[in-house]
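Should a chain be cited, it is by its letter among A, B and C, assigned in written order, with residues numbered from 1 in that chain.
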Amino acid sequence: MATYNKITPEIAAQLKAVVGERRFFEGEDIDPNYSHDEMPIYGKYLPDVAVDVETTEEVSEIMKICSANKIPVTCRGAGTGLVGGCVPLAGGVVLCTRRMDKILAYDMENLVVRIQPGVLLKDLAADALDHGLMYPPDPGEKTATVGGNISTNAGGMRAVKYGVTRDYVLALTVVLADGRIIELGKSVCKTSSGYSLLHLMVGSEGTLGIITEMTMKLIPKPICDVSCLVPFRDVESCIHSVPKIKLANLDPQSIEFMDADIVTSSAAFTGNPIFPENVNNEEVGASILVTFVGNDEDELDQKMIKLGEVAEEAGALDVLVVATSANKKEAWAARSSFLTAIEADTKLIDEMDVVVPVDKIPDFLIYIRQLGEENGIRIRNFGHAGDGNLHIYCCSNDLEEEEFKKKVKVIMDAAYTKCAELEGQVSGEHSIGHAKMVYLEESVGEDVFKLMGEIKKVFDPDYILNPGKVCDSSLVS
Amino acid sequence: MLKILVCVKQVPDVDLVTMDPETGNLVREGVPTLTNPLDLNALEAAVQVKERYGGEITLITMGPPMAESTLREGLAVGGDDAILITGRPFGGADTLSTSYPILMAANMKGKFDLIFCGKESLDGATGQMASQLAERFDASQISCCYSIEEITDGKIKATRTLETGKEIVEATLPCLITVEKDNFYGRLPSLKAYLASKTAEITTYTENDIDGLDMNKIGVPGSGTIVPKIYPPELPEPGQIISTGSAKTDVSKLVELLAEKGSI
Amino acid sequence: MQKSDYKNMWVYIEHDGETVAPVSLELCCEIRKLCDVTGEKLYAVIISDLPHEEVDKIRECGVDGIIYVNGTGYEYFNTDAYANVFTVLSRKYNPSAIFVGGTIFGRDFAPRFAVQLDTGCTSDAMELEYDPETGDIQFIEPAVGGKIMAVITVPVMRPQVGTIRPGTFKYAPVGAKENVEAICEEISFDPEAIRCKHIDFIPDDMDPELDIANADCIVCVGNGLKDSEHLERYRVLAKLLGGKIGCTRPLFDRGILPYKLQIGQSGVMVKTKLYISFGVSGAVNHTAGVDADVFVAVDKNPDAQIFNYCDYGIVGDMDEVCDELIDQLKARQA
């Protein structure tokens, strides 16, 4: 078990000297939000000091001071995570990248952009579009930082067609635990040059180094797009249509799944029932939202016609078209509101972000609902049907927190076991943090988990980077 | 069978319109257009009536040829027929000289029992068209309709939203109705209807095609109002800007100032 | 027709049989000023009975005359009978202009009698000016989402008809004239001929949070708001300041807040002691609706137009500033 030192006034003064008075916070001046992410249920932990960094050099100086004094450092972006990843379990320093929010340079010849880690996803997405380009990863939380997206290897809706954040990271500037600055990767699309430390860094949640600059791959902006909402009577028929759609060679950009409960919550929340609860006088049990991109309207029409045929065969109630800019805006707003809508009418909430093979989605959903009913916990879910990634929320308004946690643990334990049984993964895109560490260990097995620990030790021998996360179980009592 | 007319308008996305500071003209070029949002609520109300009582919905708009796309959008979600009134002489019309050709063009398709239109448009935003159309069509009028209770024997019973409550009214047909969003959110088109709308036939009327059209009552000559001048809004001198880079310092400065003023 | 044949300006007095709608008094005060410029007389038009003390309020606004209309068909507001009154009266007396409060009723019938009289009608003007060269009133208002100011005139036809939103003009009575002319008109409309009949009225449950026109303090949230999730803190701030929350059009369009909270030319005009905007860009159609003793603006864009309207502005993240303000206000109150 690692031991850490307290931040003495001398050390504090050194840290303050690096960033200056205005970007250094201590005690009561620290933003209380720094004690948690969007899942406060996993506990709140305040740091002793918070610094807002602006340059790679500052990060390097901070790390030098902290490694010399064995002070833990937890890197934080926008704090929109869902597994307690940016929470300073061992106190120490929170190093916040929110001020490193510059889009540095586009290389329009090679379609890459160099940015700082604190750039918000929505800002990168919008700015790329202004340049006629698209940043393909599209995680639901648009106010996350891209640095955070890399640290968790965030996925999002368009993963079906374009892949996940990892596939768009070409190069990183990383500050190591001892303050050394290294460059990983180059702005080229191929590499076969030794172990990929670049990809080790992606998804490492600030436990191996601090990302201070990155080069991301972009693609030309699609010329036009259209979405189809395909409603079904029930979850089973809905999910069973997904492989058929994928096999029909339609190359959808995303296939999103929503059941009747989430549609109702979202309509109540946004006040706009864009996703219908009844179609052709039949109650909708679940729907998928399929998005296509293409070069012209004809191409999209052809894809939709084909989708119509597949959907009809799969028992869809209808196929509805989201084509006008107003409808797209509304559909997007509704889809984006799912998590918020759940949070809005829920006092206690916990979540899981499993991935199962697409054909196993109904099995898993039926199982988890049953678990919910047995334990008196309301289950809400939505997810990326195209890649089997499900967001499942355990909610309660009546239970005391302790009672809730107990019941949820029963559900989680059983659900992760079921997930393993179905050959699934613990996390699709929210990653591990400290909340899901035990489940990671169970899922990958002792050997792999230990190997991860060995790697951590190589990068961070004193365990000062984001202690207690991913595979560092030293803080678990 | 009820004959229903729905008036729609294609509008520029006003949030994206800019003013050329040199010429003082509005820059509409390249600004995306959309169907006036409140018109879609009106159309939804019409479609609900059609579903309940049977009927035929005719969409009508006046505008440049590109306004056709707004009609197609309406055909995709329940319109049966569409009329586009287009031609230079109609240009520059205010509500007085827009309501008139709409009446005359609609008359070419017979008499309508119900006329639906949006409460106001995103661009003009006068909110006058509905009342003036009602007068042109010699129809009763239910504005700000919240829900439609019943249509029987040439009468419509409905609830409308007033400033302080809901008024229940009964009106004779023909009746012109504007609606509140609450119960009339637009629906998504089904794929079949969407594809069919792309090739559907649209009746296009120019000034020469409308029987009995009085040329003095359309376009600029027929307008009651003109806009002799537009200018950019005069901006007052900026106030005292507090921007120290730290929200905390900014806010404490503000709180100090507000306390001095006695505002808090 | 000759424009010069049309003289004097009218204001329609909206009332419920007990009290006069404030907008009608505001209009009397404003049109008094306009008539002083044009040298015309100002008449108030009252349909059906109104208590004396309410009529006195109208006199106090400096009207030259009052036209009292009585007859059948006015028990409840209805477009047919009310529009007819103005068509009949206007044909008889040839006023140069008729002003109607831009309430739901006013907006219902004014454009309608304008068609009957085949004349021009404007709505929501924020300023009224007189052009002595043409003899026309200039109705000045923000247009195209507040991007421009437009001057609208009725150059040929008469009367010039305008509906004006409540709260646009100030109620500042100049005092009653010594002689106020009284004209009584009997105009009946067959109640059977009213095509849209009143059946019932169900008052809304009074939600005081939705009544913001005269709130002491207003926290106004604009399109900068990320989503509904981020709204709560502004409610907290409003409560802390003893005020209410309001919004701009995009938030109503986005379905985040109800229409009754939309501040501006096409929503509610507000008069308040302290107004704090968050994430509001400052288009004139919004700012035109704000009359504040102290105006504070918070927006991340240092070039936002809103800073031209404020007394104090903070350039920064709206949520962050709001949270900070809550903290510091709480600390002060503690």
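General observations
In this text, a residue touches a chain if its C-beta (ideal position, glycine included) is under 8 Å from a C-beta of that chain, and two chains touch if they have at least 3 such contacts.
Computed from a prediction, not measured in an experiment: that's the story for all the values here.
Ranked by how close its mean Cα position lies to the mean of all protein Cα atoms, the top chain is B. Chain centres were defined as the mean of their Cα atoms; on that basis the chain farthest from chain B turns out to be A. Between chain B and chain C, the centres computed from C-alpha atoms are 21 Å apart.
Put simply, the C-alpha centre of chain A and that of chain B have 41 angstrom between them.
In whole angstrom, the spacing between the mean C-alpha positions of chain A and chain C is 48. Of all residues in chain B, those that touch two or more other chains are 37, 248.
The set of chain A residues touching two or more other chains comprises 272. In chain C, no residue reaches two or more other chains under the touch definition. Taken together, the chain B residues at the contact with chain C in this complex read 12, 14-15, 17-19, 26, 37, 94-96, 99, 120, 122-129, 131-132, 134-136, 139-144, 157, 161-172, 175, 223-243, 247-248, 250-252, 254-255, 257-259, 261, 263-264. On chain C, the positions that touch chain A within their shared complex are 226-229, 254-256.
Residues of chain A touching chain B in their complex: 22, 29, 228-229, 272-274, 276, 301, 304-305, 307-308, 318-327. On chain A, the positions that touch chain C within their shared complex are 143, 269-272, 333, 336-337, 340, 343-344.
Chain B makes touch with chain A in their complex at residues 13, 32, 34-35, 37, 40, 73, 76, 185-192, 194-195, 198, 245-246, 248.
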